[in-house]
Amino acid sequence: MSATRRCFLRMAGSAAAAAATGAALGCASPAAATRRWAMAIDVRKCLELDGCRACIDACHQAHNVPAIPDRAHEVKWIWKEPFERTFAIEDPDTVTAALRGREVLVFCNHCDNPPCVRVCPTQATWKRDDGVVAIDEHRCIGCRYCVAACPYGSRSFNFVDPRPFLVHTTSEYPTRTRGVVEKCNLCEERLAKGQPPACVRACPGGAMLFGDLRDPDSEIRKTLAARYSIRRKPELGTRPQVYYVI
Amino acid sequence: MLEKALAGGRRYWAWIAGLAAVACAGAWCYALQLQTGLGMTGLSRDVTWGLYIAQFTFFVGVAASAVMVVLPYYLHDYKVFGRVTILGEFLAITSVVMCGLFIFVDMGQPSRVLNVLRYPTPWSMMFWDMVALGGYLILNVVITRVSLEAERNDTAPPRWIRPVIVLSIPWAISIHTVTAFLYNGLPGRSFWLTAILAPRFLASAFAAGPALLILLCLAARRWWSLRIADEAIRKIALIVAYAMAVHVFFVLLEVFTVFYSQVPEHVDHFRYLYAGLDGHTALVPWMWTSACLAVVALVLLIVPSTRTSEPTLAGACVAVFVSLWIDKGLGLVVGGFVPSPLGAVTDYVPTWPEMMITAGVWALGAIMVTGFFKVTAEVRAGER
Amino acid sequence: MAQQKPDPAQLAAVEYIPPRRGWRDPRVEFRKGTYNHAAARRHLEYLGLPNPRDWQPSDADWQLPANWKQIILDGMKDRLERYRSFRLFMDICVRCGACADKCHFYLGSGDPKNTPVLRAELIRSVYRRYFTAAGRLFGPLAGARDLTEDVLKEWFYYFHQCTECRRCSVFCPFGIDTAEITMIGRELLNLVGCNIQWIIEPVANCDRVGNHLGIQPHGFKDSLDFAADELEELTGIRVEIPINRKGAEVLFVVPSADYFGLPHYFTLLGYLMMLHEAGIDYTFSAYASEGGNFGLFASHEMTKRLNAKMYAEAKRLGVKWILGGECGHMWRVVHQYMGTMNGPADFLEVPVSPATGTRFDHASSTKMLHVCEFTADLIAHGKLALDPSRNDHWNVTFHDSCNPARGMGLYEEPRLILRRVLNHFHEMPEETIRERTLCCGSGAGLGTDENFEMRMRGGRPRAMAVNYVRKRHGTNCVACICAVDKATLPPLLEYWVPGVEVAGVHELLGNALVMKGEHPRTTDLRGEPLEGMGGGDA
Amino acid sequence: MPTVLLIAVPYVAAVLFLGGLAWRVWTWAATPEPFRIPTTTGQQRSLAGIAPSRVESPSTTAGVVGRMLLEGLLFRSLFRNVASGPTAAGTCPDPVFLERKALWLGAMAFHWSLLVIVVRHLGLFVEPIPRVASFVASVDGFFQVGSPSWYATDVIVIVALGYLLFRRVRDPLLRYLTLPADYLALAVLIAVVGSGVVLRYVARTDLIAVRQYTLGLAALAPTAPASPGAGFVLHLLSVSVLLAILPFTKMVHAAGMWLSPTRNQANDGRRRRHVNPWNAPAPFHTYEEWEDEFREKLQAAGLPIEREDGRFQNPQAGGGERGAPPAAQAPLT
Amino acid sequence: MRNRILILAGLALCLAALTWPVWRALASAPAPAPSLARPVGATRCVAPVGFMRTSHMTLLAEWRDRVVRDGVRTYTDADGRVVTMSLSGTCLRACHADKTKFCDRCHDYAGVKPTCWGCHVVPTATGAIVSGPAAPSRSSRPGAAL
């Protein structure tokens, strides 16, 4: 259903309240839906910045992601995982030395065919027209089915109230309440303002490429066309939209 | 009829009061969980479902198993089960209610659960599970009410109830199948990603549920002189024997597939459960207990003399129940989460409040089943 | 009064469809078989009751006093001020209808005015019209009705189709007891001389002679002597039956039907055997020779008047306590009215069983004990030798009589006795026993022949329950502890469930009781040979 | 005019409600209970070996309290309800009794919801908001649906009232015995609940102004809200009507049920003497009168008598004078 | 009569309970009505004050769904003004600088506990509690940085 139409329907639903006082609710045109956002990570560039956490910090600060010390209750949107685990490499010794034992960035793949969206019983998570796999934290019932469904471990559940664990709190973005699931939203709030994701902007080495796959002239398309890239667990058919340029 | 459950002797009320106390303790712990969140449980980022969902899964099986007494009676006119079908259905009602409660206590935002109804999502298996379980509950409430009333008045039940009962048979199969689909439709969880999951669920359900039913019947016979023919119990025992054998067979099929193919993603889960992985062995003793009990139960159930003698049968039923409870109520759910998609091995140990909440739901179920069986016993005692 | 009996199948075909015209229309048709004859002039005159005259309910003109309306309204006002039950029950009914299908008369007749709620509404509508602001202001909208002669006739008709059994009161969320309303309704009717013969005649008899049947002292003695002879023949033991003996420990009062009616009489034999066997020092009284109290069906005043004799006689004879026989409404009076009306019985002592030493504290104020309580205590203490096989020809069920059930709570005592004296005992469906017991349909003075159709209708639910156990267990005997039951259940059962007899609990006890020194029994108390009798559980 | 309406009406209603209730209860209390007439629904306390039913047939005050609490809080008697189904024609078919818990459930749902709603509204009249009111509101509003979110009791009370109306209209017998006043009670309740629901979820009003007004009402210094809106006026009026008529209609059962003698009396009629304040003397046929009349017959039968010779009293005053002796042929009862 | 005393005591207790709010109110000072802090900069709300008083929650729920689910972020009010649909950003920071003096006063008075603040962050008077990374320039297009 297009956003315009949904907006109209909802208008009709609230007509009684609105009509009572004559307040008319304005309805702006929706964001263009002709894009397909994707991300490409230049692994080598990233690895050059050994120990760099700029993207992680930028993201977690921008989105009020708590720093929970208890590993069991951790909430993270973007973080680093050993290369071999990320790509399920059986024998680390056969990996090129540049990658062996190193960590790569992982976060939500914003899959084209996201299992998490398929399983959600309330449509609290869904794939937007521009490819962003979004979560409506207001609707999430905390069943954690999506967490079980995600083959990448990208989703976090708020086992505890996250607020005491916030280092910095920004009022630009809400925190979450306990009992809901969250993950990377591809900075959709920034995209709406025409800004790139916070991590991309924060990366000092330009290792993260963000762009529209439908735009043949976009840098990401050119890069992916020019260089070899891999994706996580492509065999599962989820069609991740985060590409690792080797 | 219901008021029959409200009149009883001192021992009856002591038993109910004891259960109520456990239920209250559970409710108290739940109030605590409501305030502090699921962080109070042993669940973690890697093992996001634990005891609650495992109990849910197990009791869906118990609920579905009513079909094992309903089907022979209504489709094959197997008269001996005439007096136990209603008990099976009561057990099913209780189990479904317990399932609902287990789901409820597992919610991160329980106050929003009605969103499932407000935004029905046909592509989510959880939505269908709700439909299946809700429908099964309604079916069984209607069936037991009408049947027991007819029994009490010694009249023939109305004719429209028969198609309803027949409908409840495939419905029972469906609830556990859909529950299996909850798990085996997930691409990243190789432990569950196997088509045999649904049959395996059904086999274990048809062993564990009737085993529980036998135990309850034996108890009701002793305490309330509820008349249940030996033959009926022997036939249910036979069902348990076959179902248990099939279950073990299915597990072995899995073991072969996994270990012969040696696909690491598949092997790791089994290794974690039965041998431990990366030094994590929390579930190993449990799983071997389950396996041993399964073997013991199978032997006791296959040998005719031990199957027909009451004490050994009771023992076998306890063994079946405990074995499958461990297998499904612990191993299946936790085993699917460990190792995680990123290869992390995280042990899951339920916390005390979590176990208390679980015990509370069990206690509520026990109260329900006690009440239902008492009502049935009293209605039948009225016949004299 | 042998009338053409209606066909059972016809009576059983009840339509439960309310009539077209609303219930506020008071017209009733006094159809033969559904109402009772008016009380004879001479009885009213003897009792000093108002407006004695010769009339019948079917008359168009009831010869009411000129100021009848004022009398009724004054009477209502007086009773509203004296009975909280009456006033409260007038005020708080919500017409939820839970009582409707609990009334055996509604079940048997399908007449909506036989539902407890509408039966009360008959009088409640008049209450609203004359005693509440809403009724005065809004009339019919508030459910009010003018008091007219038709309304009075309607009262007469429907308040004599209520056996005051209190079954509705069990199910009413507020405990509204139609018996209370019926009692007041009948009292009001009495004020203008509208009484029925079947109630007033026994009342007059009882007042003057000492018992409902009007059996004079010598007849009473003959009857008891005859019983002693019967027992001697039956058991070889001569029992003493003292009458009016001063200084006895216990005064024994039974309903008068017990020494003249059948099958009541066998119950009397049972009592006598039990009292002899337990060695009780007791006496009958020819003056207080009635346990029952038809005054209860006329008015509270009459209840008290008849009941007073028991204490007066107990005092005169100098007994320590009183033992009462198997009777229904007698026990309503003894348990719930006697102490209040004619107590305190401080000249008596708390009953103590001489045989077992049990002190019956639950009767510590009234000092009167139910014979089933007494016998149950004997049996519980093993004081009676019993041979239940002598009752093997009986396959028995127990009918809880309304008054001991719902006005006393006497459930287990008779059952304790029955279980020990019978081998074949089966309960009727649970919705029809104990506090939910169904009335025989003839209580509260309605057991007349002219009322036959209504009796059969009212008793049908009970008969159906008997039929249930008869079909399933081969029940051939209904045991009960009520004189009205013993009189009216036999015709009821013969009508609906032929082949089922009625017996008192103490008759069955008498059969099973092994008396010291008795010669072998060849027959039961009824004279039926014991050997070769069939029956029993198959 | 609206000011008068908003200020006078609730006070008049409150006075009618409280005064009416007090007057009704006083009338009942002033009327004596002449006899102890509990309806016994369980075994009496008699022999040591027979377990008494302590609540259903209470012999102690504690038992009575238990019985009344069961009645008042859980509608014990209504819980017994069964439908008698001897409708099949034929000489004597089986008795059939069908479980009917719907009325009980409907009544429980309605009354308890109403209580919860009343407690919730307490916050409007008391400053600071009582903890019980906010606690009840938080439990009632646990499930979040809509904005503002629906209270569970709002839904339950509507369904329950709908059911109570539906059964009255559907069942022919019930329809037959229902009075216009019964529909009035339901209509007023539906108006109260309906207007309340509309006020909260559809045509909302300024809650702050309302609370100022209600707190003013409680403080006996009310000021009418400036623009209360039709929804609020309707709600206020319907509540006022409900309060005003409650003591004068069947709804007074709320108070009356606690006084019901068949329920609140102990079944100890033979254990303790119940005193009837107006216990009027009833002249009865005394032994002396009786012996005077039957002396010869007593002597002939050899029964002991008090006076072998002569009479107790002047024949003129004797009971036998009252009328002709009734015939001695009578029914066997 | 004991019975009568009991009933009248019960009646008195009931009447006392029913009129408790009156006693309570008479015994304590009247509660002042909440006075709201007027917005500093803005002069008009996005909807009439009457509507906002009674129905701001529906407007906010509307905004929420539009932003979160439809990706629509701006709102045009009846006067044609376009505002960003944001509780923290628009309602609070732009207009009603102090939540405690605006939202809380009425909500506390009426005993309404909205769930908004479980997630949405209340800006302090200076803006944010602690500001995050410096806001990027508005001119950059997504991907332009790459």
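For clarity, chains are labelled A, B, C, D and E in written order, and residue numbers in each chain start from 1.
Quick note on the criterion: a contact is a pair of C-beta atoms (placed from the backbone, for glycine too) under 8 Å apart; a residue touches a chain by one contact, two chains touch by 3 or more.
Bear in mind that the values here come from a model prediction, so they are computed numbers and not experimental data.
Graph distance from chain A to chain B, where chains that touch are one step apart, equals 1.
Ranked by how far their CA centres sit from the centre of chain C, the chains are topped by A.
By number of C-beta pairs in contact, D-E leads when D-E and B-D are compared.
Of all the chains shown, the one with its CA centroid nearest the global CA centroid is D. The chain with its Cα centroid farthest from the Cα centroid of chain D is A.
Taking each chain's centre as the average of its CA atoms, chain B and chain E sit 46 Å apart.
Averaged Cα coordinates give chain B a centre that lies 45 Å from the centre of chain D.
For the pair chain C and chain E, the distance between C-alpha centroids works out to 71 Å.
If each chain is reduced to the centroid of its CA atoms, chain C and chain D end up 28 Å from each other.
Across the assembly, chain D contributes residues 28, 32-33, 80, 94-95, 97, 144, 204, 259 that each touch 2 or more other chains. Each of residues 429, 468 in chain C touches at least two other chains. Listed for chain B are residues 110, 112-113, 118, 153-154, each touching two or more other chains.
Chain E contributes residues 1, 3-4, 7-8, 10-11, 14-15, 18-22, 24-26, 28, 30-31, 33-34, 50, 53-55, 57-58, 60-61, 106, 109-113, 115 to its touches with chain D in the complex. Residues 1-3, 110-114, 118, 145, 149, 152-155 of chain B touch chain D in their complex. Residues 79-80, 94-99, 101, 142-145 of chain D are the ones that touch chain B when the two sit in their complex.
Of all residues in chain B, only 36-39, 41, 43-46, 48-49, 103, 106-110, 112-113, 115-116, 118-119, 121, 123-127, 130, 182, 185-189, 264-265, 336-337, 340-344, 346 touch chain A in the complex they form. In the complex of the two chains, the chain D residues touching chain E come out as 18, 21-22, 25-26, 28-30, 32-33, 122-123, 125-129, 133-134, 137-138, 144, 147-148, 204-208, 211-212, 215-216, 218-221, 227, 255, 258-259, 277.
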